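Chain IDs A, B, C and D follow the sequence of writing; residue 1 opens each chain.
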Amino acid sequence: MLKIAYVGGGSRGWARKLMVDLALCPELSGEVALYDIDMASARANEEFGAWVQSRPQAVSRWSYRAEPELGAALRGADFVVISIQPGSLECMGAEIAAAERRGLYFPVGDTAGATGLVRGLRAAAAYEGLARAIASECPRAWVINYTNPMTICTRTLTRVEPSLRAFGCCHEVFGTQAHLAKVAAAELGLTAPPPRSEIAVNVLGINHFTFVDRASYRGEDLLALLPGYIERTGGRRERARAEVEAAGDWFQDLCRVKWELFTRWAILPAAGDRHLVEFLPGFTRSPEELFRWGVIRTPVSWRVARWAEAPGIAARTMAGELPFPFDASGEEGVSQMKALLGLGDLVTNVNLENRGQMQGLPLGAVVETNARFARGRVEPIAAGRLPPGPAEIVARHAANQEAIVEAVLAKDLDLAFSAFYNDPANSLPVDESWALFKELLSFSAPWLPGWKLP
Amino acid sequence: MLKIAYVGGGSRGWARKLMVDLALCPELSGEVALYDIDMASARANEEFGAWVQSRPQAVSRWSYRAEPELGAALRGADFVVISIQPGSLECMGAEIAAAERRGLYFPVGDTAGATGLVRGLRAAAAYEGLARAIASECPRAWVINYTNPMTICTRTLTRVEPSLRAFGCCHEVFGTQAHLAKVAAAELGLTAPPPRSEIAVNVLGINHFTFVDRASYRGEDLLALLPGYIERTGGRRERARAEVEAAGDWFQDLCRVKWELFTRWAILPAAGDRHLVEFLPGFTRSPEELFRWGVIRTPVSWRVARWAEAPGIAARTMAGELPFPFDASGEEGVSQMKALLGLGDLVTNVNLENRGQMQGLPLGAVVETNARFARGRVEPIAAGRLPPGPAEIVARHAANQEAIVEAVLAKDLDLAFSAFYNDPANSLPVDESWALFKELLSFSAPWLPGWKLP
Amino acid sequence: MLKIAYVGGGSRGWARKLMVDLALCPELSGEVALYDIDMASARANEEFGAWVQSRPQAVSRWSYRAEPELGAALRGADFVVISIQPGSLECMGAEIAAAERRGLYFPVGDTAGATGLVRGLRAAAAYEGLARAIASECPRAWVINYTNPMTICTRTLTRVEPSLRAFGCCHEVFGTQAHLAKVAAAELGLTAPPPRSEIAVNVLGINHFTFVDRASYRGEDLLALLPGYIERTGGRRERARAEVEAAGDWFQDLCRVKWELFTRWAILPAAGDRHLVEFLPGFTRSPEELFRWGVIRTPVSWRVARWAEAPGIAARTMAGELPFPFDASGEEGVSQMKALLGLGDLVTNVNLENRGQMQGLPLGAVVETNARFARGRVEPIAAGRLPPGPAEIVARHAANQEAIVEAVLAKDLDLAFSAFYNDPANSLPVDESWALFKELLSFSAPWLPGWKLP
Amino acid sequence: MLKIAYVGGGSRGWARKLMVDLALCPELSGEVALYDIDMASARANEEFGAWVQSRPQAVSRWSYRAEPELGAALRGADFVVISIQPGSLECMGAEIAAAERRGLYFPVGDTAGATGLVRGLRAAAAYEGLARAIASECPRAWVINYTNPMTICTRTLTRVEPSLRAFGCCHEVFGTQAHLAKVAAAELGLTAPPPRSEIAVNVLGINHFTFVDRASYRGEDLLALLPGYIERTGGRRERARAEVEAAGDWFQDLCRVKWELFTRWAILPAAGDRHLVEFLPGFTRSPEELFRWGVIRTPVSWRVARWAEAPGIAARTMAGELPFPFDASGEEGVSQMKALLGLGDLVTNVNLENRGQMQGLPLGAVVETNARFARGRVEPIAAGRLPPGPAEIVARHAANQEAIVEAVLAKDLDLAFSAFYNDPANSLPVDESWALFKELLSFSAPWLPGWKLP
């Protein structure tokens, strides 16, 4: 009988994926405590969780309970899952619009760049409190973070409470494995892309700016096949706006940025193009520039609409008016839990404090590499070092992320600004950077209690 | 069809273990080229290998061939196994005797301490040439080292040819796992000690001076059980000479040193006591001191005798006059080869250049930690950091070992002496240290060509 | 009797300042060998040097000799002075124009940014040869570099020949001391700014991007006075183009960038604004942006014209048609020589390999801090560490400069591009960055022999 | 009008030297507050100080006042001088005797080795409180430490209160300069040894285990002359006990250890032989071994006797019954104060936290190198790196000293023991080391309040 505490338990995406994965796993059972500052959402998920367990496909026993107090939700948990929205979608919308008025266009805006760093400030402020609460209520629990900015959130947990057993999970690399599976199929003449699990990769970098320096399918070197594939498929050609918009998909990944960087750096970025461009100079300077690379900005208005529709969809699903595919999510949270409980080892990529697994970044900074999950432990696998092209840029982001966390702990505005101005995608002189920084902070004020904002 | 080049292919121990393991492995077949500066021994092993393959228990096809030229032996190899005697047994005997005349008594004498470091000089000199030859003849081969001093030999390979895929294997940690299995049985009331494979350990340190900071059997923390076990079994009591000699076993391990260091440092040394004492101050100051700790010195005369008897034993074995147990050796060489060929992953301890898997030691120095063997790669697992007690002493040895390798590459006597004087087990003032150093070097002169010895 | 080898001895600026300083120094005498790839210029300086020595104000004995061979010029020198133009002014002009076509506007263009880094490539290529020649002809000489990019040139000397005794001198910090002297006068009510030598500063950073974290005049903390001074003088106000152009001075320094960065970072940049803007994001994005900060671009056409006029001016000076003020230059080369010869200690800022004098930058990278010049040695003074704001940006430049030097030694285009794309002032996406890089390289081709340019 | 707080103001050696130096310095005047746990000694020095000031040779105005409270003594001080006895002479005597019973013979016993490290524990415990008091009462004062173990005492001050402006002074290097002056005289045929100030040295290492890698007299390289001098004077010959005892001088320095280490390591140790042997293996293994090297142990009984006689001598001196040579002490405390006050720069060796001045040791550890004293600052001069021979041994001591300080702050016995066992002069196995450690701690118990001793 396990206890999972779900912080952000009103989540309408991650929480429901987890519910299905738990329902499908015969080895585990227990209870899930759902905590959310939006109690109504937590209650909705309590109801939805019970409904999921009532389906005939459910082969395990899990109970869901909305819990209004954080401490009670955490108390005695074996696992803590965190998936929250730092601030509000309205705040996010205001930020992205302000950055655009200064000429900085972010397709996602939640990790790096002006908006990602300020989001990091409010996230770290929230995670500082979470870290303390977890250390007090369930100090030996495994803490799995899904919130962005992934690196800053995960880092805050162990920076504040070094004994926490925390790691961060992101499916971004899975997408690159899927692209590589397509490459394997095309170049090796397979009838279909092999499953992701057969694409062996060595992962190194930081979340959403990870790289793969070795990729193989049954011993075949996939990176060696990549130049031919890119050439043949015209992967590096400029895109037209109309072509990009035609797909009508806010999350499509045309890979042009990935292939271009691979051509230049001889190492493959392992995140979607929408994220990659936010870590680098020049790409985000205009909507046209983004279109040229095949990248479209996800409108925050779409996120707001999706959030608004979610309860109705859930109700109609439970009422049987909408189909509900009872399939494994493809996420690895439950597999990781099983491995940590001694039910079979697992090697996968994960965000962890650097204990040496990645050279060229400071110890302690959170990095993303492969790790081995086994009974009672997550052991990072030494992933080596990036080549100079990306190494310096990754190091800069890592330094900025560390500065954001330290700035939050010390409520040090100048330190936070030093990261903001140093962001590789920043192209504003120092006075204009400061003006934008102040404006973005003003939106975040409710989530930065105790700060003396300028 | 694989090719294995065996350097030191006249070996009478390791080579024959490998022969049986290969004979018992149905997935692999190929040829083994046996190279040895003692061609007669290589030929004897060629014959012995053919005999092993002729046994009914052999389920694979391997041919053995003595090869008089190193280049030819290596050419095109998939794996290179190295297991040589640096210098001669006579040289080793003279060294140990000279050290004893100065009051330094080494039970083994092949890794650390005055004799281990000078052995390291002649080993590194030999390995410098081997590294070049391998890089030229089979640059993509996996190179498995078994020779001591393990760290210095393995390090020389990649220090000289950084692109070599070399690692070093030692069964010393297996013995500690076996001791822990006994602890588990005694403390958990099992009917028999569980197999080694069920004793999960995190390994860190340098060869023959490794440590285990986490050990469990099915989730039970074995290090937590250890104090009770030591207390109950009187594991820390002083031994009398007679008691130690009574066993008549040059390799017995009474664990008193291990338990004492565990009591003091709260981390368990993972090598036999015979090795441990050579890495530390005070233990090797007299035969009586060693006996007090339950340690007896292996006489070099015994090694000489064993070497002399070996051909007769082999002949009688092949003639059916001696029984030949056709059992797996318990060594992991063949399992590692299989994993590297894509036939199943393996996690085990191995000696590799530090790419971050061990904090507190320089990058590049060879360290021993767990690693994951998978198709086409050996990935070290981040093992963390030693506590201060052993950390500083390990760091000192690692620095000395690095100095020995550099000294060989530069033929720099002063640099070699800086390691010699700094050895933790050294208790001689600087002039006497220099005198002993010169005397030991005089025995090694034939294996240090091009050096200007003092 | 000393020998000074002057590489770039046809120089029309630095060389003549040195002549006057030598003429005015009674303690030193000897000969100066003038080497230049433009032999006519060297001969002109030979003539000019003789004329300087013939003036009644000359109190020392120095002879000047144009020397057509580098080896002969260097042979047996006590000091080597290097002040060359890497490439040609035409190349520089083409570079700056090409960068401007891509939207990057550099006021100087010789140190950082797209043009500074490519200039660094051709400079390092030249300095690699110089280092070898000096090591061969006068290995114990003191080597004083004046060429830009200062860091890359100085670093190449010791990267190629680690035993060279090289340092780099730049008067940029003197200008900041002069500004601080004005601040002292204004804020402390002095009748006149005190001499530079009374403004004690702690210097740290890299050439043209140095900082002062402690400045005092007779114990008065000048940085504490600075905010009041800036406020009172309106130092941070935006400038209009007309106002900036009105001065008609290509080298004026209105300090707006300095004061703004000081306000933001609480540490004072110690270079002219024209240099500072090239190290940072945003300032160089348009001519208007530069004007707003009070910065005007020095036209290369002006440099070409000045170079063309110089011989006529020299002739008319020697003919007595133009006045020749026989004053000390304010440069410190001769004072440094005297200190190194044992004629009085000197503490001043200088560019040297980092042996620990600056924390946060790699050992070996060339940094600018104070150092003590004494008989036979230059001892850097530990200058500490930059605050986070500038620290990360300086670290990035230092990494880029190291990459440029390594790229030259390995003729590694990709490594050079990794620095180019990572430059903080770069605001182009990766494909456009690559296109500009290729274009700039095409101008430098004559000075990059043996490279396979794209 | 300055205020100097003298902690340990009952001191009978250092305090009186300072009194004379202050009396002879016309530029400074003020008051000295004498604080001592032995109030009678402080009062005696108050009286003695007044007497010194009453002498006709006194050219300054200083008043001396014994102050029974530490806080009052420190309040508002410009300088704090610390020179205390950590523990008692009786404790020191008991320690040295206990170590000798185990076969460890220390000539001084106050810095390294078993007794030095345990003395370090009680010293650090005292200095932790001093650091807090100084930070509270006179946070901007310059703090000058004279107590041994120098490194541990100085390090504790800034480890506990990082903003303190503390440094440590020791005259040990002066003695080596004096020896080098003799070498200069002998080898260059001078009529007399030149004054110490003309022997320019580069100093690096840790207190009492410093080294000189560059020494010159007017540009002449003294280290190049040293081998001839040692050869000619038989400096490396073995000494007989009788010869050593004949001198009747507990502090004589025959330099045999220095010359031997110089011969082996090609760098000159810059401390007296009595200290050097305590940092190294083998020398301290027996009284005979020490005599062989020309070293005699200072009996603690002699220290006790000297302490007992001191009041009588002072009384007789003030009564005019004993001559009182009114000469500058040769110590540099007053010169340093003058430089810090802006009265002329000074370059000398000093113990300071490592900010980069010494490579190969951790930042923060206290090291001894040259530094420049100027108005309001002490700037360490980058001294470089030790060669491998001493480097590793110095690094070990530095790590041990850091461990002692950390152990005191955490009251962590195991951490302290890790340093104790790792001491290079330790030759005892782990159980005997632990037994000696416990015995030594028992003597120190009164000065380790709050510790749970074993």
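In the analysis below, a contact is a pair of C-beta atoms (placed from the backbone, for glycine too) under 8 Å apart; a residue touches a chain by one contact, two chains touch by 3 or more.
From a predicted model like this one, the values you see are computed outputs, not experimental measurements.
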Chain hops separating subunit D from subunit B, counting only touching neighbours: 1
Same or different residue numbers at the subunit A/subunit B copy interface, by half rule: same
Per Cα centroids, the chain farthest from subunit D: A
Euclidean distance of C-alpha centroids - subunit C vs subunit D, Å: 44
Subunit B and subunit C: spacing of chain centres that average the CA atoms, whole Å: 56
Pairwise chain contacts, counting only pairs that touch as defined: A-B, A-C, B-D, C-D
Subunit D-facing residues of subunit B, complex: 260-261, 264-266, 280-283, 285, 289, 293, 387-389, 392-393, 395-396, 399-400, 403, 414-415, 417-419, 421-422, 424, 426-434
For the subunit C and subunit D complex, residues of the former touching the latter: 200, 202, 214, 216, 218-219, 342, 345, 347, 355-359, 363, 370, 372, 374-377, 379-385
